[in-house]
Amino acid sequence: MRTESAPLQSPAPLDLIPPQVRAAQDYETLATDFIEPARLAYVAGGAGHDQTASANRSAFSAWSMLPRVLRDVTAGHTRLSLANENLAHPILLAPVAHQRLVHARAEIETARAAEATQSCMVASTLSSVALEDIARAAGPHKWFQLYFQPQRADTLGLVRRAEQAGFGALVVTLDATLQAPSLRALRAGFRMPPECVAANLRDASRPPELPALQPGDSRIFQGLMRGAPTLQDLEWLLAQTTLPVWIKGVLHAGDAAVLATSGACGLIVSNHGGRTLDGAPSSLQMLPAIRAAVPSRFPLLFDGGVRSGADAFKAIALGADAVMVGRLQVYALSVAGALGVAHMIKLMREELEASMAFAGCATLEEVRADCLTPACMT
Amino acid sequence: MRTESAPLQSPAPLDLIPPQVRAAQDYETLATDFIEPARLAYVAGGAGHDQTASANRSAFSAWSMLPRVLRDVTAGHTRLSLANENLAHPILLAPVAHQRLVHARAEIETARAAEATQSCMVASTLSSVALEDIARAAGPHKWFQLYFQPQRADTLGLVRRAEQAGFGALVVTLDATLQAPSLRALRAGFRMPPECVAANLRDASRPPELPALQPGDSRIFQGLMRGAPTLQDLEWLLAQTTLPVWIKGVLHAGDAAVLATSGACGLIVSNHGGRTLDGAPSSLQMLPAIRAAVPSRFPLLFDGGVRSGADAFKAIALGADAVMVGRLQVYALSVAGALGVAHMIKLMREELEASMAFAGCATLEEVRADCLTPACMT
Amino acid sequence: MRTESAPLQSPAPLDLIPPQVRAAQDYETLATDFIEPARLAYVAGGAGHDQTASANRSAFSAWSMLPRVLRDVTAGHTRLSLANENLAHPILLAPVAHQRLVHARAEIETARAAEATQSCMVASTLSSVALEDIARAAGPHKWFQLYFQPQRADTLGLVRRAEQAGFGALVVTLDATLQAPSLRALRAGFRMPPECVAANLRDASRPPELPALQPGDSRIFQGLMRGAPTLQDLEWLLAQTTLPVWIKGVLHAGDAAVLATSGACGLIVSNHGGRTLDGAPSSLQMLPAIRAAVPSRFPLLFDGGVRSGADAFKAIALGADAVMVGRLQVYALSVAGALGVAHMIKLMREELEASMAFAGCATLEEVRADCLTPACMT
Amino acid sequence: MRTESAPLQSPAPLDLIPPQVRAAQDYETLATDFIEPARLAYVAGGAGHDQTASANRSAFSAWSMLPRVLRDVTAGHTRLSLANENLAHPILLAPVAHQRLVHARAEIETARAAEATQSCMVASTLSSVALEDIARAAGPHKWFQLYFQPQRADTLGLVRRAEQAGFGALVVTLDATLQAPSLRALRAGFRMPPECVAANLRDASRPPELPALQPGDSRIFQGLMRGAPTLQDLEWLLAQTTLPVWIKGVLHAGDAAVLATSGACGLIVSNHGGRTLDGAPSSLQMLPAIRAAVPSRFPLLFDGGVRSGADAFKAIALGADAVMVGRLQVYALSVAGALGVAHMIKLMREELEASMAFAGCATLEEVRADCLTPACMT
């Protein structure tokens, strides 16, 4: 059993588009040659036995897309507005922490790909490079993902830095208080390597001394869950900034209904890529009920298992305005840096356009539930 | 990885009926010995990950056939009328492009098999031999499949040639604007070999100069989809010819309802063998809804995954008037040329007759939905 | 590929109960050591791709049995009356042709096992030994299975011999006009060996000259199906004998409803072990609808996939009065002759009794649909 | 084939917590190194073909857990009251017979783990060490599982000894009259080794001479089932003791409804770990109907397939007040004795707490059916 991850075992990223990549998803296969095994286990794994991570993928197989004939889509496009931002296409780069795990220049490469492809990138609180550097490399569309910090001053510090750096929105993550590498990553001997530090948090204050657990206290309830964000935290945040705030990590229609009136600009349907509660349903399974629980034009993003433009099409048809791509972003980054990420997005966008064209949809508004039919499982 | 298809590696087709073939579907297995691997990957593959091509096959497993007892079927037959053509049986040879990929004499052999078995053959616009030659070899029942050409004059040229050559109907394909070999074929290194030219299109005019894509234009929407057939194209075509016109590539009940009043003589329920939109439902899954959406006697053909007379029985029970056989035609052609194709049809027809006899159906009219029951999936 | 079955390759049957057999179904595994491969392929296979033969087995997995507590079953028994015959238990030996394929003394051994276990045996028209010899070896409960012969005189001859020999009922098979070995048996090179002759038919008259097929005639409809039994044949038969007549091979509720008023003493729900129409549903799937279609006390036997007492319990719970065991009978015969068959029945009966005891059923009447619950398929 | 179990082949249990165990369920995998194969086959197997044992596990996959956001669970706990006993958590050690099969000190180790983790342990009638010794080692929460003995005096003797030893409740098992090792254990050559004697029964009177079976009697109905507990037995027991009495082995809602009014303090939904009727449904499948059939606050325990805190969460959400852990207890015992069992419980409890925290449940009362959603099976 490996006891430490060995960053030097993988070949350097390519500086060209790999010719064998023909579909966006091909980066997933190819990445196995570019990411050291323990790190790959960490990236690819979810939590526990990867049940939810697997469900995220297989959920897409439950739906087929219905082709139409004789529809004129020559004026077609993939443009959309999200929180007053006009985007060329609905494929966003999800916030992914610690990108130095797979590429030395980490989020800088991702940001360059975002700019090159007119994509909206969401920088993580736990990025390997400072948010200001990411902002400089990224194009006009960039948001900042925020984890609440133990001290509000530190949280506020991140918000101000994000505003200053020009991020156009905040994405506050609510679903990741408890998190651990998957059993698969643990068995592969994964440990976060020393070069992967959270660059944004270098200057954070020391966390306050928490009262020690008392006999009979639970390490979960009275321990870790003390750090969970509360409604008060959310309200406080919304009062601190004029940036639009997205809420990430909603999987329950009841939560969605309440949060839609919280002042947030939109919700991100997500189970954190299956990295938190192993045994949670797939994001796609919960999407229709969440769409039905919020006002009809209320912005919803989707995150969880997207590997192709067809997947994006299905999520949009089931109620998402746009989708976020996490793991595939990392895979493409590992293979060919900015070039890889940009190529992956270009392929996925064309795959989405092809799905729309087949389905006779000239715009994303036309991508609706009646474009799908439940797949016949045999 | 192979980088080119090597046509000479396969043994020559047999000049006898292979004794190990006992069911029509056996030609599928046997063909692996007669078709060079990259070409086989191209023929067998659908689009993308072959999801729809697989679904076409597995959809048949969702239905069981109900045997009856004490029914007198000694006057039974498989005759039917389609677009004023009286056919001996409902198994048609689907239009398949580039048959030289698997046999040097290509469609000539297929046509001879059609004549020998009283089958209706549909010649493809993209046939390896000229439509006039096919027409001469085929029997009385032959239709011509038409792809709209970039220039209407070329389309009209094909129509006139087909009329002249004696084809009894046109089959216009609407669902194949976007198409690419499957990932499987790409990985096998498939390229269309030089001997596979579209013989019918040798004299076509050069396609008109299309305006170049503008910045921001989509290669899909503003590029490839410019070539998609429109309702105007269809209406124009119907006005040019007195031949009956079948519309091929319908998978949506809404489209079917509209097209049933378009002047076409019938529709062909098809997803192009899974070669266009990977992720489309199986043809069989959509067939009942399409049958319900068109007038009760409106002619419907079925295409997608038929490998046996039992498959044909199920498609007819679910609403088709007749079925088309694509890949199995190619497999039989590769194995034993005209003899193979004729033998395959003979077997499939007997399998259909046996299914009818078991189900107590003396005629195709008696093959209805109540002859089937949903299979219990365990 | 084998071209002929080689009867001498298998070890002689044991003359003791094999110690490794702990459940009736174990004979199925063990038989692979005692039956020559091509013959085994013939016995084990159904028709075509064995879809229906497989479905017969898997259908039992769709149901679970519900255990009860505190039920007094110490007066429990498995007795039942069928067509005025009082049986000790509801496990019948199905008619199986050509038993010499697996044991030199063939049906004589089976008959001895029937007597030893107080089982009702159904001798096949196509038995390897004469019906009179079977009758002498069998116990008091014996029925004769009748295939209509090309000439009514021959059919009548069989009926009279069966009456004479003391068979207590006739089982007329209606579902096997078309039949062929499975592809699996064909591929294994199975041919009926010369020692397997239909002993009962040695003296049958030569079949009448049938008019040859005309051009355009179908080998199925105008050929083989001429031999299919008609309602007139059935009525004729019922008029010829005072023996109770069971009708075997019913799978459709509509047929069952009609036949229940035909004068037959009962029906046998069966798809001929999947040996006729490959693609027919499992017998178990159709059983509840057939039970509902006939009068509530009308006798129904069940045949198809029974390998254990639990299977018998499920079939009885879903509406059968008793079950017939086909393949497992042959397997046990091949392993240890009469001893094997008797042991198999003894085990199956005890398995049935254990299922009844768990379910709190003291008699077969108490074995009803509410003893089962649909299995949760995950 | 092994013909005898060889107790000395397995390594001695560890005296430390194995570092590779990260989830409670990991003890299942690790145990394969610590339990001799034939014994492992006996422990792991159910009855027959292990259908029910497998169903117990797979049933949990039919449900997903719904995470919530912004719920305050910092006052969370897992406390509950059961039959007037206040427990720190709802994970009980199920009664497991013959623990010497996997550890020389057997139930003494288990009892020590129960005390260390404030768990309620249920000692088996068939324990390898005397109930008095178990009672001394266990903590304050201990119940005694009772099998009715052939002689009431012996049953009463066990009750009195249990009362004397300080057990706080009785658990009377009703579902295990018929039991045999699984085919898997039989094939592995398992036999109960001589060191595994039922310590509590050493002094039991000789069973009374039962009248021999008469010809025609059934070994099941007139034999084994004579020993099955009756309603009179239960009523008699309830009259003999003032201890609370749990009834174990209920799987049918109708039985549950009746037994809820019998005077028992609660029911244990169980199929005996799949060790009795192979083909019975999973415990989890039947739990909701049983919950619905008894008064809303009537205590229900759950037993069958629990391997993780998430499993416990699901069973509680579907109506159980607490869960019992059987096989995993044995696995942990085999690996590291008391330390292993205590570690397993600690992990499972934290897993349960984490599931509750994710689902926003601060107490077990909040763990209800709306915390789950049917898993999308693809």
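Note that the chains are named A, B, C and D in the order they appear, and that numbering of residues resets to 1 at the start of each chain.
The rule we apply is simple: a contact is a pair of C-beta atoms (placed from the backbone, for glycine too) under 8 Å apart; a residue touches a chain by one contact, two chains touch by 3 or more.
Predicted model, so just to flag it, every value in this text is computed and none were measured.
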Mutual neighbours - chains that touch subunit A and subunit D alike: none
Mind checking subunit A against subunit B and telling me if their interface is mostly the same residue numbers on each side, over half, or mostly different? different
Through what angle, between 0 and 180°, must subunit B be rotated so its C-alpha atoms fit those of subunit C, rounded to a multiple of 5? 90
Which chain's centre, taken as the mean of its Cα atoms, is farthest from the centre of subunit D? B
Using the average of all C-alpha atoms in each chain as its centre, how far is it in Å between subunit C and subunit D? 42
Could you give the separation in Å between the centres of subunit B and subunit D, each centre being the mean of its C-alpha atoms? 60
Multi-chain contact residues (two or more partners), subunit C: 61, 377
Give the pairs of chains that touch; include all such pairs. A-B, A-D, B-C, C-D
Which residues of subunit C touch subunit D in the complex? 20, 22-23, 26, 61, 64-78, 88, 310, 350, 353-359, 362, 373, 375-378
Listed in rising order, subunit A residues that touch subunit D in their complex are 1, 48, 51-52, 55, 58-59, 61-62, 174-175, 177-178, 183, 186-187, 216, 218-222, 224-226, 228-231, 234, 247, 249-252, 254-255, 259, 271, 276-282, 285-286, 377
